[in-house]
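Paired with subunit B in one complex and with subunit C in the other, subunit A is shared by the two complexes that follow.
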Partner chain A sequence: MSGAAGPGAPGGTARAPLPCAARAAAALQLGGGADPARPGVAVIDLRFPRGGAADLQEIVFRNFYTAFLSVRVQRASAEGPRKWVTCLRDYRLMPSPHTEEGSQDYFSLFRHQMLCDVDQVTAVRFILRQPSPVWLHFTIEELQIYPPSQKSPQKDFPSWLSQLTPPEQPANLHGELPDPEKVSTEVQQMWVLTEVIRARQAAARIGRFDVDGCYDINLLSYT
Partner chain B sequence: MVDPESGLSLTIARIVQRLQGSSLHSQLERQARVSLHKPEIKLESLKEDIKDFLKTSGWEKKLQNAVYSELNVFPSPCHPAAPPEHMKEPLAYMRKAQGSWEKRILKSLNSMCTELSIPLAQKRPISEQKELLNKWNEMGTDEPDLSLFRPVYAPKDFLEVLMNLRNPNYENGEQPSFRNHLGLIQVPLKVKDIPELKEDFSELGLNIGQLGIDDSAQVPPEFFENEHVRVGQKVLAEQDSAAAQQYVRQGCPTALRADLWALILNISNQPEDILYYEQLKSNVIQHDLLVDSLIYKDVKLTASNDDYYFVFEDYLYQVLLCFSRDTSVLEHFTYSSATPPKSYIRGKLGIEECAVFYPPNGVIPFHGFSMYVAPLCFLYHEPSRLYQIFREMYVRFFFRLHSISSHPSGIVSLCLLFETLLQTHLPQLFYHLREIGAQPLRISFKWMVRAFSGYLATDQLLLLWDRILGYNSLEILAVLAAAVFAFRAVNLMEVTSLAAAEAVLADLSTLKVMPLLQIFLFATVT
Partner chain C sequence: MAAYEKRRAAAAPAPAAGSGLGESARAGAAARGLGTEAEFLLQAGVTAMVREALLKVLEARPEEPVAFLADYFEKLVLSSPGAGGEAAAEPPGLPQRLARALWYVRLAHHSHRTAFNNNMGMAYECLSASGRRKRPGVDGRLYSELLRRICRPGAAPEDVVAALLRKIQCRDHEAVPFDVFRYGVLTCFVLLEFTAKAGTLYDVLDGGSGPADKRVCQAVLCTLEDALGASDFSVPIRYLEAGSKLGPDCLALAMDRALQERKLSVAMSREEFLKKATALFVAKVKPID
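Up next is the complex of A and B:
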């Protein structure tokens, strides 16, 4: 499932995700017993083509009933065998694992959230946990990895907005509001920018529902 | 999960963009331009002076209210990678269920058209247009033969659908197990427990003054009521939506309710709004829709038979017919799990330029729909204002009561909240009713779908809706439904059939909602 194409990229301005191959989620099993107990842990391994390495900026995915996510990476190094390093530990995707909240949401993990450096990464391992036994399956889908870029860190943002959120900025706000000064300057910028957007859009609501004065309808369409 | 900063920027950008197209924007612009002639505006400090002027002349407040209203109505932005349908409803199986429910409604409507050989929409002949225009204010006197029309669905049909809702990834074993819910709703949504509800509804606490309790005849008005009214007048004078919303959590004085609600919903009934209403009216006159007959039928079946509401019959037709033609209602489908039905102009099947929504507002009325409007008729006598208040109430709240979604105010969550509250706090009662085949939700569902309209006495209903507006949430409906069961628990423990249980709960018109809510939330030992 993972690695599937994400939602259609608008225009040509969106960043391209890194090409990578993710293996399907493998459930962790205890010593080949006949009991098909649900283990609650699964692993997704991801590698870059031709043994390449990449710098990670953002990991985007859609959750499917995974409650906690850990990420480990292997980095290219000159000396010694490559080691797995944990860069994210038990990140909570579902606030309450027995219930739906967050179960099918989209998530972004940013570079600044990582516990270690994520440059020159050769392999990424996602460790998925679901302590609740009520779900039949859990995985993460539509997995995409983005490299750092000058462009928007957020695909699908209108391009004019991208200038407002520079990608390298640490956004660790601990739930506090950003500096009002900064917001107000951003807003001013946006007034100008939205003006442009508006000019491109159709006129304000006129409330017409007929087509050239005609609204004669026989039946509803099923498609 | 968007990172918080870009989430905020996105919200700001969206609000700015939306307000740009509004008449408020052009009004502000005009005011700023007019202010240039004032002596206190100096060229060297132009920007600051204009800002000061807008602040002192009250325009800044209007802008604040508009922003506040946007924040209340629109959900916070989704992750940018999420497709638009994710904003409508994040759970795929819920979207699918809503889709097939809609298909059922379409089929039913289409077969009605075919059976009766009536088109969905056609232009009214000029003579008919004139006739309708003449009797616009007395449409109730008309007695068209509607015996062949039937409501597209009733709450009962909708409950059947919700009962069959399942998460395909959930362990739904054939054997009953701890994972099965004992109630009718089987989807594992998160609902609040009493401690969480106590915190959310803290203003309903025992030591806080409440209209609906502390204004009763036994309590001297100087104890709470007088002061509360005085504060209410101050809130109105300030024209601040946020303050009004906080204020109504303790209830609205009857005399101030209409204005306070309008302030919260940010409805000002400007000349252009009146014009817009007139335009809708002319659209009603021009086009004859099949849903009009459904509306007629519904009003006749519900509000016209209601002791409180029958006098408003004419208002109801006006509002509901205009509502069906209002394309601005379509906007709420960006955050509703529902999708408006589509059709093509006759003879242009499949041509995208001739694709239209039907009805123009995309909402197909069901049995009881007119009860969303009826209580508002007590507050607003001017049709255009009444209309705007209703439309705003619909796109903020009522649409959630008849679409399948996982939203905390959605009907599925409300049902589950009701069942969970009852099961946790009155386990014996819940078990008893379940054993005799009187699942409590079978009785309470219709109350919640109608937001109790038509079940409670009007003054009580308005006190309840005060809290819906005040907390911007419908969860209070589920709490009240559970509280009603708790109140009648002794009688209900004695019944032995669904019919008997229904009889015990048939008449809610004598209930006082605020004491019930308060006792259930704050005075029950848990």
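Up next is the complex of A and C:
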């Protein structure tokens, strides 16, 4: 799930985070004047360059005294105004808001933890809550967003491995076909016998030095 | 072996005489009890002989132990008079040595590696023991002759055997190292087994009724060749690859495709099939150099 993952190795693979621009945390304020009330909510908005959209796989960040995190995303849609959708609601980062635990940990949020689909996202909004009055300032730092792995894992597989069962099952095999099970057994044993010969090759050599049946007299010696 | 042969000859008259005048001697033997029986067995060399035979059975684990033991003792009797006794100074002739070596290498199946290698060592020793020549060792002539004899009674097609022998036999004057000897003999045995397997495969392919369809045979052989050829020796994944290629699904598809190609059905004879199949094997045998 989430936890103290190092920033250098999210997921253990070397991959590049998506380029994105995050605004500094804006604290929600009630009232104005010299001493506004702070209800303990802050908002961070994040957008992708040139109004682009991205598929999210993982969100990595370092906490700084935020107790609860909600995430909302805005997804690209063909028609109508873009809507904000909540994909994470009040996710607890600090088990007890008044104490230090979890206050500066690294967290990873994965796609499968999201409440909704996070493909083709144009903007992400992080809503931070800290109900404890002990911490005046709270935010999340080192925010990085990773796309799904570009390389499809299937690309590495040889074709025969991904098709252990042939895709085209012959609808009705020819009636006179010999029993494939038996044929397979015999052919595999023949293959094994050939492997035996390959595996138990002779390491020694006769040591022939002749070319077209003629020896150089200097190469001859008793063994 | 020679020693206990002698002892056996000496001990033989005793039981024969026992029926008549040997009554008292027998009574005496009975009085001396079990110790004497064990002693007799030891003296006559029976203990050692039976132990040796048991070891051979354990080594070879033959399917029919009785036949194996019968063969073993028969060889023991046959080889003893020539090799044993006063003839010890004179080594057995070439035909005997070849026959004995042949017997040794056939004792155990090659999958029982230790037993097979032991027997191979015995055969090599047996062939190289020669009193007339100063230096012991197996030369190419003996080695090649042994290989020919191993292959001779087999079902393997003549010219395939010849092709194999061309790859692994040595020239008459060449000294054959044990490792090459082992490899050559092993290859011959595996070829025989491969031929037997190919024969069984043909039986499956022809469905028990007449000659098999040529297209199906070709398809199966091509699949096998593909599995043998495509694999790179160093990569373990090739075992999986070969397993997948030679699985029932892939073979069924290949055969089905072959049958649908065209309607004209031509038969392939057993000889032709064996020839093509064994040629695949021989192609994979590394030649001796």
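Things to note:
As a convention for this text, the second predicted complex is superposed on the first by the 132 of 223 C-alpha atoms of A that agree within 3 Å, B and C clash if a C-alpha of one lies under 4 Å from a C-alpha of the other, contacts with A are read in each partner's own complex, and residues count from 1 in each chain.
In this text, contacts are C-beta pairs under 8 Å (C-beta built on N, C-alpha and C of every residue); 3 or more make two chains touch, one makes a residue touch a chain.
Since we're looking at a predicted model, the values are computed, not measured.
Judged by the touch definition given at the top, the superposed model places A:Glu181 against subunit C, while subunit B stays out of reach.
Of the two partner chains placed around the shared chain by superposition, neither subunit B nor subunit C is touched by A:Val43.
Once the two structures are overlaid, the count of subunit A residues touched is higher for B than for its counterpart among subunit B and subunit C. Once chain A of one complex is fitted onto chain A of the other, the partner contacts of A:Glu101 are limited to subunit B, with no touch recorded for subunit C.
In the superposition on chain A, A:Ala27 makes contact with neither subunit B nor subunit C. When the two complexes are overlaid on their common chain A, residue A:His137 makes contact with subunit B while staying clear of subunit C.
Touch criterion not met for A:Ala76: it reaches neither subunit B nor subunit C.
Residue overlap on subunit A between the subunit B contacts of one complex and the subunit C contacts of the other covers 158, 161, 164-165, 173, 177-178, 183, 186-187, 190-191, 193-194, 197-198, 201, 204-205, 208, 223.
For subunit B in complex with subunit A, the residues that touch the partner chain are 1-6, 8-10, 12-13, 16-17, 20-21, 78-83, 86, 90-92, 103, 106, 109-110, 113-114, 119-123, 167-171, 179, 187-190, 276, 279-280, 283, 287, 325-328, 341-346, 348-349, 353-358, 360, 406. Residues 158, 160-161, 164-166, 168, 170, 173-174, 176-184, 186-191, 193-194, 196-198, 200-206, 208, 223 of subunit A touch subunit C in their complex. Listing the residues of subunit A that touch subunit B in their complex gives 6-7, 60, 62, 64-65, 95-96, 98-101, 103-108, 110, 133-137, 142, 144, 153-158, 161, 164-165, 169, 171, 173, 175, 177-178, 183, 186-187, 190-191, 193-195, 197-198, 201, 204-205, 207-211, 214-223. Interface of subunit C with subunit A (complex): residues 110, 170, 174-180, 182-184, 186-187, 190, 193-194, 197-198, 200-201, 204-207, 212-213, 216, 220, 223-224, 227-228, 233, 237, 240-253, 255-256, 259-260, 277, 280-281, 284-286, 288-289.
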